[in-house]
Amino acid sequence: MSQKRKICVVITARPSYSRIKTVLTAIKAHESLELQLVIAASALLDRYGSAVNYIQKDGFEISAKVFNVLEGENLTAAAKTTGIGILELSTVFDNLKPDIVVTVADRFETMATAIAAAYMNIPLAHVQGGEVTGNIDEKVRHSITKLADYHFTSSENARNRVIRLGENPEMVFNTGCPSIDIAKKILEHQGLTFDPYEKYGGVGSKPDLNKGYVVVMQHPVTTEYKDSRKHIEATLNAIRQLNVPTLWFWPNVDAGADGTSTGIRSFREKYDMQNVHFFKNMEGDDFLNLLDSAICLIGNSSVGIRECSFMGVPVINIGSRQNRRDRGTNVIDVSYDENEIVAAVNQISSKNERTRSDVYGGGDAGEAIADLLETLPLQFHKTITY
Amino acid sequence: MSQKRKICVVITARPSYSRIKTVLTAIKAHESLELQLVIAASALLDRYGSAVNYIQKDGFEISAKVFNVLEGENLTAAAKTTGIGILELSTVFDNLKPDIVVTVADRFETMATAIAAAYMNIPLAHVQGGEVTGNIDEKVRHSITKLADYHFTSSENARNRVIRLGENPEMVFNTGCPSIDIAKKILEHQGLTFDPYEKYGGVGSKPDLNKGYVVVMQHPVTTEYKDSRKHIEATLNAIRQLNVPTLWFWPNVDAGADGTSTGIRSFREKYDMQNVHFFKNMEGDDFLNLLDSAICLIGNSSVGIRECSFMGVPVINIGSRQNRRDRGTNVIDVSYDENEIVAAVNQISSKNERTRSDVYGGGDAGEAIADLLETLPLQFHKTITY
Amino acid sequence: MSQKRKICVVITARPSYSRIKTVLTAIKAHESLELQLVIAASALLDRYGSAVNYIQKDGFEISAKVFNVLEGENLTAAAKTTGIGILELSTVFDNLKPDIVVTVADRFETMATAIAAAYMNIPLAHVQGGEVTGNIDEKVRHSITKLADYHFTSSENARNRVIRLGENPEMVFNTGCPSIDIAKKILEHQGLTFDPYEKYGGVGSKPDLNKGYVVVMQHPVTTEYKDSRKHIEATLNAIRQLNVPTLWFWPNVDAGADGTSTGIRSFREKYDMQNVHFFKNMEGDDFLNLLDSAICLIGNSSVGIRECSFMGVPVINIGSRQNRRDRGTNVIDVSYDENEIVAAVNQISSKNERTRSDVYGGGDAGEAIADLLETLPLQFHKTITY
Amino acid sequence: MSQKRKICVVITARPSYSRIKTVLTAIKAHESLELQLVIAASALLDRYGSAVNYIQKDGFEISAKVFNVLEGENLTAAAKTTGIGILELSTVFDNLKPDIVVTVADRFETMATAIAAAYMNIPLAHVQGGEVTGNIDEKVRHSITKLADYHFTSSENARNRVIRLGENPEMVFNTGCPSIDIAKKILEHQGLTFDPYEKYGGVGSKPDLNKGYVVVMQHPVTTEYKDSRKHIEATLNAIRQLNVPTLWFWPNVDAGADGTSTGIRSFREKYDMQNVHFFKNMEGDDFLNLLDSAICLIGNSSVGIRECSFMGVPVINIGSRQNRRDRGTNVIDVSYDENEIVAAVNQISSKNERTRSDVYGGGDAGEAIADLLETLPLQFHKTITY
């Protein structure tokens, strides 16, 4: 009797779920694979959008939950969250006995998944390695590359970089980014397919979206977390000056989240922002559909670099968080500066044209990755190629 | 008023201490540096030779102790030990507030030091990166390189490899290995300077060392830990066959240590090994002095590759643990095979000549590293060079 | 040479600090005692009032900080916070080597202090044992009594209860509650000694305090945390109905804090509460001075039962949190019911009289406890008395 | 549709398994109960007899394993093991969602089970509360009583003591000790039913058991762990002096285990003990059968107090570990003194009579407890009765 390969995917945050969702679907549908889904860290927490609810609504069964986010205003908490993650994921892996563990991208706590798997001699697959951003994520990302046995990159540049890092080229695959799979489906529909206010609640006024709107999503940057309040205020002031209908999304958990959140909250208490509505979170599909009809996306979300590039949505990318990432021509880079942001929005509004790009893949990453997970040799022993 | 830079060195095992000792001495002696010494993991445990006692005897003051070795017969314990290490070292760093953290080599639990420092935006220096061994240590070693801000390598090959890993060449220094500093001093004396039986006790018979003796030190290999008992038995049988005076050292802590230890213990209960004496541990200086007068070193200790190369002591290196490490002509590589080991000992005995090499440095690494720690810019933000 | 006894006090929350402050002062002033102050859990967190800032401002030196609050919406987080606390406090105690550890009251995470000390054979002193409340705190409180070696109770009833629990009567002392020491000093001044709006900021309108005002402080109850939102809404509605100047304090961290916080936040967004000002926190002295001039205190804070009893401030005590605690005649007990709360405020306003009580001590607990800590035999071995 | 109650039993050591086994069998057989078995701590470790193997051989399915024993020579390790236990058991309970958690006896790490359950509002049942021993276990035992909701005691004295501790008498049941259930079955057979040397291996000589033999099982005492080596040497010397066939069992894990183990090992290396055979562990049934035919049991195991009392086996109980436990007339108490031990063995040998007692129950505790677990109200809220 042939046994299914057990593929354990660890999701630690809402954006990671959006990013890996089509992989989960493809694994679940694959007749030779068994999906073991572990939900941990901020993916379990209400105040960061509780990804776990969406995951269950999407029909995925959860094998284990791990609460490991340590509360704190400083970077110590990020380190400790990772330590607790290793401690507990080891137990989870010891009980689930997966054949392969999959870790996604480069958030600090994904290191816990990578270390637990690597130390327990479980073959480790890394999705979205080899990218460049110039922040703490980069330490995490390349460090995980050196722990991983298989690499599923999002672009050809990323694949080449992973190989230069000394990985065996036969284990490095440019599958494209799974998030593009979703974006591809979204483009099948034109115009808003839902009422954001009704479906997602949120707080603040409800500007008329038919007149055009911008979307804001800006996360704190770990290496600059002491400035996170100042950074968010530049954007807040720009939006206030533009006075255009705006849909604003709360940041996800990170050292410095409190600075960003506090900045938004204080600004709201000080000014009457009649053109802005705030959302805590939104299902990935709806968010992309929302972006597809937006004037532009403002902030530093990787969605702007990635999905928006495939969809051709204009993006005003603020600050250093997405530095050096591969990008299409849809992106305008600006610094943490109110006036630069305003100027960029005006430029986009006046041009009104869109350009698409396949730099992050053609929309079939999920199935490509699942197929590889079935056939790749099970191995956890490697050596640098030079 | 100028403040001293606080340099926090984390020692997690007896061999790491031997390896970093001259760096500690140089930091302590440096008028612009303050040494913060943290002792953790097996360095605190009696059954692995309790490095902490030697450290205190050598006159170093300890800033904090962290017990974090989880007991267990499998690799899960190694992962969990690392998780607990991160959790606790974060607190230690938060309280000590070092300017630079120094982590040594590539044992699994050193990852805890690296992650805690990197995540807390404390500049991280890594000693002995860039080497190649082809085992789990390699995942750890290169992964730490990608987290570290400064690199002090032991050889020119290692330096080049760190640079190929995308590190800024201006932050990568071939200082040579600090363990060579000690070996250099040892060579000043000829012949045994102490009586091993009297000074270190140990168990077993006490063969006459004047007739020549071999030294054995063989650790389990993490990626092969299920075979550790079989591997140690090949060596035990070889020693039994050779019937030469033998000084045998217990292995250090690792997944699989129990297999190795059990193998030795059972063999001793089965056979009356009149030519073998067992030591739990020995001070680094004495160990090198002992090697200097030995016929050869047998096993897989990195001392054989490193210090013995500088000293010109013949080494029979068994199995994969030191694969691909730079080595001098003093090393004969054999597999886990009784007869190969016997043949190699006979070959050495018949030749009776020694060759020295500077591949791991010239014996001034400690001071070189301390000087760099004083002058390097304090930074924790980096990006890959390609 | 005689050595000072090292007394390690672990503070895990803002209210615990207020409660133990005069003990800290007395230990620090005591010539035979050395104070080792450890700050942990929510006492370090900004969003719960960051007690650590007040502690430093009050001139106490901190020996170690331990971040251990795990984030989460459920009770799992409370358990895990305690686990991490034990793990880290063990290391702290191992490094500080205290002669006696002091733990305060009955918050869930104080169990970590008690277990670490008891398991490490460090004599453990418990302040405020033997009280009855009928909630989860009671499990914690009596459980700690069974781990502690010395008991400093706040009332005679509490002392008797600790003795009935099988503790050696010679180790159980009714010292009175140290919080009364502060209340005693406060009574020396009449009228508000500071401007709360100016000194503590906060948000909301700024009602005129000269016309009389009420103070609200209501925490979620662990065993009822699913109802915490409904419970807080009863109080919010009562305050809205009364339309009296109100100073409202945010709750401290607990499972369920989110329900309480969310309830307050939503209510504020829905209604324009012109008579209410919200504070995040206040220094203990100022808070008592504020209460001394208030019409009454509303909520479930133990301050109402304890300090207010000594001061004679009328208290409307809501729900089960203070059930069965010893109380003076200053307390009116009501259920989670808008109308009951309104009626009680009206009753107090019409009566306008105050009655004091010494049920929680006479105001010299701090010195009494410090004196005992000097002279009690150092012991950690005990047996039940029956 | 009626759902089965999920009963989660946490086993943390080999002796706890023997003690609770008939409860597990009765829960498993009960049509209204579902057994969730969690194996943790030393019950997973080879060097303490790996209870997990016996458990699986006995046909119990394991729901989760938790490795949490921290290695160390001091009490710090016991505290940290407990902290890690809480951290991980919380996750296990969060995933298994039991209706009732059962914790057994009073080993230090059982506190982890109790705290995780109590803090998560899961009704907690405690087996073997209310006993008196005068050591650290007593702190643990009574502390757990104050956290538990249901109490299944082993004797009437114990039941009364739990009630005096302020527990609701309706929730305190003298079920007798489940270990007696096994002893009852053992008595059905007379004489040794197996060959200990053949079945359990072990080391040392193989004295002839037909001439009569003594059994030794002596654990280190936590509060006296610095003396554990001296204590074990008194017993070793007594056995050497008596020169009677002896079957000796290694101690279980505890702070101080190393002192005891080292003592035994050194003694063996020094003296040729021709009359002694050493076992690492033995299945509970076989051990009782072995005791049933022995001259006497020597040491401080609770088996001597408990099962041996029911079986009428003479016991020489050494030191303080079983102080104040209820006992039958089969027990002779001695101190850590070679000559006292020798005299007691001689006295037993000369008398040669046996007396049975039902002080620890009549042998039906397993079923009684399972029946209670089915019918007791699910509650986690309690208050002290006075």
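Order of writing sets the labels: A, B, C and D. Residues in every chain begin at 1.
The rule is short, and it goes like this: a residue touches a chain if its C-beta (ideal position, glycine included) is under 8 Å from a C-beta of that chain, and two chains touch if they have at least 3 such contacts.
None of these values were measured; they are calculated from a predicted model.
A.B. asks: Could you tell me which chain lies farthest from subunit C when each chain's centre is the average position of its Cα atoms?
C.D. replies: The most distant chain relative to subunit C turns out to be B.
A.B. asks: Compare the two sides of the subunit C and subunit D interface and say whether they are made mostly of the same residue numbers, over half shared, or of different ones.
C.D. replies: Mostly the same residues.
A.B. asks: Taking the mean of the CA coordinates per chain, how far is subunit A from subunit D in Å?
C.D. replies: 51
A.B. asks: Using mean CA coordinates as chain centres, what's the gap between subunit A and subunit B in Å?
C.D. replies: 40
A.B. asks: By the touch rule stated above, which residues of subunit C touch at least two different other chains?
C.D. replies: 67, 74, 76, 80, 84, 87-88, 90-91, 94
A.B. asks: Flag every residue of subunit C that touches subunit B in the complex, lowest number first.
C.D. replies: Its residues touching subunit B are 64-67, 84, 87-88, 90-92, 94-95.
A.B. asks: Spell out the residues on subunit B that touch subunit A in their complex, using ranges where they run on.
C.D. replies: 74-76, 78-80, 82-91, 93-94, 108, 111-112, 115-116, 118-121, 132-136, 138-139, 142-147, 161, 164-166, 223, 323-324, 380-384, 386
A.B. asks: Help me check something: in the complex, which residues belonging to subunit C touch subunit A?
C.D. replies: 44-47, 67-74, 76-77, 80, 84, 203, 258, 269
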